[in-house]
């Protein structure tokens, strides 16, 4: 059995679905080949992308331009054991030269992990040169770029993934499934929150590189906290609930004197089915780590998930006991199991959630290359529409929240 | 040693403060005598008030008018072992007749535990007849009554307590102390929430008496959820933070068709020091019990408290470990210890928090009667100002939240 | 309706059982009258007993001998608002004089809250004089006294309660019920633990009165930690599981140099159905509060309860989600509801668990006095057999654990 | 900068130590090459080893013999994208042929992930052929094999790692560091537990392959539960505490009728400094997942760690608040940071703990190959001595626990 299913089974203890209909044509008896833009020494998210990509044995890193500083790029590439001729000092050069390599050598897709203002250009170039793309969130520097990028994805037909990590957790897949199945009934009330504390003092003035670009409008875009983490919260809500926000009323704050972008915000949300939401994101909640939490209530039940204990999903019921739903258990949905690697009680975390995006992207890409039909679960990774949606959210938040006359802003009036 | 301190010590394992200056004049070698309005068979909060009042051996129940239904009042009084002549069938009669009893027999104060629309009249009467008052929250049916009642309290000089239970928890006293001491630095961000699920279906149509009056504008007032539990959340914020809200922007919702009052709401808050707050209260969070939670963040640290695990207070710090502060520990403040009965690890709960209001009210009242100076901690119970503040909050929420044009409402423009 | 049911209903929001068959003869339209031995100023458990006894409005304190020091007894009694003629300076005098009082004045029962070596004599005297008895645990100073006391209880037919507090928690009642119903199947494995840290240094030398008598063989008995808290753990196991331990193999340790009794111990247990148990108790687990925990596993499921979050009972199942069973919920058993005062989400704690013992004792005593049949739930409080069992446990632990040749000790070979 | 430090930095956000003294000789600008014995389709631990090995970009899989069934081995190797000539159908053939490959092609080390009875022979062969070894635990089928394997490791001087996963968690590294530093003072009391529920029915008869070999004495060895998970618990205790157990007194149970090995056990432990321990492991705790927990108490403080929330370490203190120590925080020790990949609040889990063993093994192996001195932290992975110790523990448990006359067994009397 040399097919995708075999590959899944050898890596996935819980993957029990047997489908004799999936027989790959064996055109591609090799790992997928990834190039990288950004992510050199000192980067946080670059290493995360690499771990996520490598973990499941489906992808190998073959080339990269890891920094705009040529020395850093070269040193980084060497530290990653790349041959000298596959370490590039400009991403333009990388795309140009990779495309000239023989097909059995050149990269299949590129992961772009640069700051926000450097998403658009390399992504456009990659697509134009025929490479599939994985891009870090938020999609682009502004909504205009986002719309152009969407057009390019459509035009080229290339595969596109956006790394909204939290959507990769198996308990989140389970939450989504259960809502789809109607277990909560009609959704009424949604609370989503994302408190962090790391920007509660002016660390951008103390040499913190991560803080510097995130608080700099020329690199981060119109929004700070809302773009950096608010978009994650917003994505999670729409992804899990299956609803679309139609309006929001918001407040954006900057608590640290001299900071140029928001470091805090909150919003009332209205959804297309009439449900109401409350969202907050803050980076000045002193002492908080990364406490994403999502609660959704319908007329039949509620659910509650916290990223810092990600393997647990709480189901809450009227008149019967709360249930503690746990990743890796036999009763989980196929959607959850497909994104789980180890049995219950062996905690999986952030890197595995991230890896699920890469794995599903890779499975879908491989299905394309092997000319087979991708399974439903493989297609489950955030894409260009999620990215555009996030940019609309940023626009709406800034429009609604940077004023002393609060108002409802309609998503339909954005971009 | 026959004085108040002795009384505290005999009931309070943790009460270690020795103050030779407190010597009561021994005028009052007896328990304080309480009468009650409301709280007959079938009442929830009536029994809570009685347990809270009796627990510490400082108060005895001597009379009551437990229901507007005379039969229920009599049956209730008998079940409480009251003599027939101290069971009244109207509160008017009770106040009139009690005042005529010899001083060594008649009640000292009255606890009023009726639905909201029946707070004002008995409270006014009691004050006018010279009785001190404990009143269930919210203060009155509307703001107008609240202001009049405040005038009456001022005019009569009687002692007045409002049972904002959550302010009675020792961990809440500790939180307040630590903010007072400056441990959090300047407060920036406050989140308070109060989710319940018990009104997520239309139980008022299914014979639930508690739900019936709470969803009935003629008994509950302008607001439903916001009056019933939103006021608790609001009180907790101002009590612990020491800040005053100046403005709010709100959304009020009624999710259950045909329900006549809000069953859900949320607000952005602004405080007098520039801090921002987010408050939500809901009674349609299906499956939730009574999950009050308060988080406050300053520039130096944060704190986090959840009512459903009330003996723990989390202190969160930048760059050093979170601390789990626990009721009953030796390191707690005097304010917390004074409101604690048992050592750490022996959980105290809702009834003890409630009893702390009664105990502090009783100690203060006794100090007045014995003509000694009350200790700082005895004076620490919610009073008439807290009640007026709560009514202003209801007014502001309704004004801001029942509109499709969101706006900032100033507390200064209310009442 | 002047009967016990009415009394329950007025204090118990959750008490929904209506039984027209319970009609008291109305012989006793008053609270039950309690006297107290021990529990003067400085006592921890004395105040706990009083709060527990008073809370539910069924009992009043009418007399006491609060200390062997006459001055302390008098000062304590005055602080408790007792009249001078009901404050005694010896318990012998108290029993003699109370029995001579007219029936409508004298105490109905006595609560004995002295150190272990002073349990037997006052308890015997009280029974002989015709008073019912509530006694703090462990039952007596040694097994010999325990057996004599059991004989006396049998002989006199008086009501006898032993305050094994943890058996009073509603979640513990629920656990017991569920095992009775067979939800766990056949019990196989039991783990019970009771870690405390307060004796991890030699506080008995630093003026800690609680520590002094507990580590003193002449006041505590043969065992220290094992008698003080090990007996609680052992009682909980047998009470909840419904099983009887038949053998144990133990290790007793004294970690603090110069301490005269054990401050730590552990045991393997064997039960009459073949189940195996593991019990540990320690007072040198530095930094621990009072972390009683009980886990029981059968062939169908498991349960898990922790005293420091007492309102939650975990049910664990193979192949389906864990359930979080919560005190105050509508789905709870009648046994649990009867011992609950407030709805779910309003935490009850240690004092309420303690009060449940007093309330059930009082209801049963009242049923006797009113000549009606006590309900099943009223009879549910620890009694003389539990006490004898605890003393046998202490004997067995000492016999098995104070040797370098471990052995199985049979309970049948003890006393 | 092409050296090991650069490699660490590019993968490790938290790795901030700069040491100019580490300059590799650049002999090895490539990943390390791993072969594998066992771990074909259907294996749980095989996939875990591969994920752990690949995640950090330091290791690539180059060959393997994945099953004793040649078809399974070939299919597995193909699913892992190995070239046909590197997929072997016997491990003997693999070692023989790999050693003949040119140095720049052949595997550097082998990971052996077979059931217990198939550890010894391939490990011996690999060492004899000059390959370094990573072996799954427990070390061997019996103690005799363990001692021979130790001799072989000594004789060949090859690097040897044993995958005691739980020792790889960063919070465990932190716990160990803090004990080393003396934060707990003198260790007195240790509790370690490992409850699972998956063998609470006779799943070995229902086609569960994992259960089949683990309950089969001919494949598992003398012990079932004790060998499978008891050894993990025991390793954790000695690893974190730095103490050595000298004696144990145990009870071994088999609860499921017809099962041929223990599925449950418990032991009293004595340590070389006089500390006492309690260990239990069970696979019949119905409904439990994988709830490893370690508690250690000294005269100055205590610590508490639970594998199912692995990023938190509790520090418990007398007279001051418990601290919640969190993986990824700036205050963590270098030992913990070296084994952490992402900032606090981004949970890491079981696979990362596993990967830490592989990463440290790889760093040490690389240091040898590049002829530089390994850093202290790289050397921190379980090795042959840990393995022998585990086999001694199994022997001692069986000797002490399979008898009705409990006794203390001395480790010195074992092998």
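Going in written order, the chains are labelled A, B, C and D, and every chain counts its residues from 1.
Throughout what follows, a contact is a pair of C-beta atoms (placed from the backbone, for glycine too) under 8 Å apart; a residue touches a chain by one contact, two chains touch by 3 or more.
From a predicted model like this one, the values you see are computed outputs, not experimental measurements.
Each of A-D and B-D has its own count of C-beta contacts, and the greater count is at A-D. Taking the CA centroid of subunit D as reference, the farthest chain centroid is that of B.
Centres computed as Cα averages put subunit B at a distance of 55 Å from subunit D. Subunit A and subunit D, compared by their mean Cα positions, are separated by 32 Å. Residue positions of subunit B with contacts to 2 or more other chains are 288, 315, 322, 326.
Listing the residues of subunit C that touch subunit A in their complex gives 315, 319-326, 329-331. Here subunit C touches subunit D in the complex through residues 184, 188-189, 191, 193, 195, 197, 200-201, 249, 251, 253, 255, 264, 266, 268, 276, 278, 280, 282, 284-288, 295, 297-302, 315-318, 322, 404-408, going by the rule given at the top. Against subunit A, in their complex, subunit D makes its touches with residues 1-2, 6-7, 9-13, 29-31, 40-42, 44, 46-48, 50-51, 54-57, 61, 75-76, 78-81, 196, 198, 288-291, 307-311, 326, 328, 341-352.
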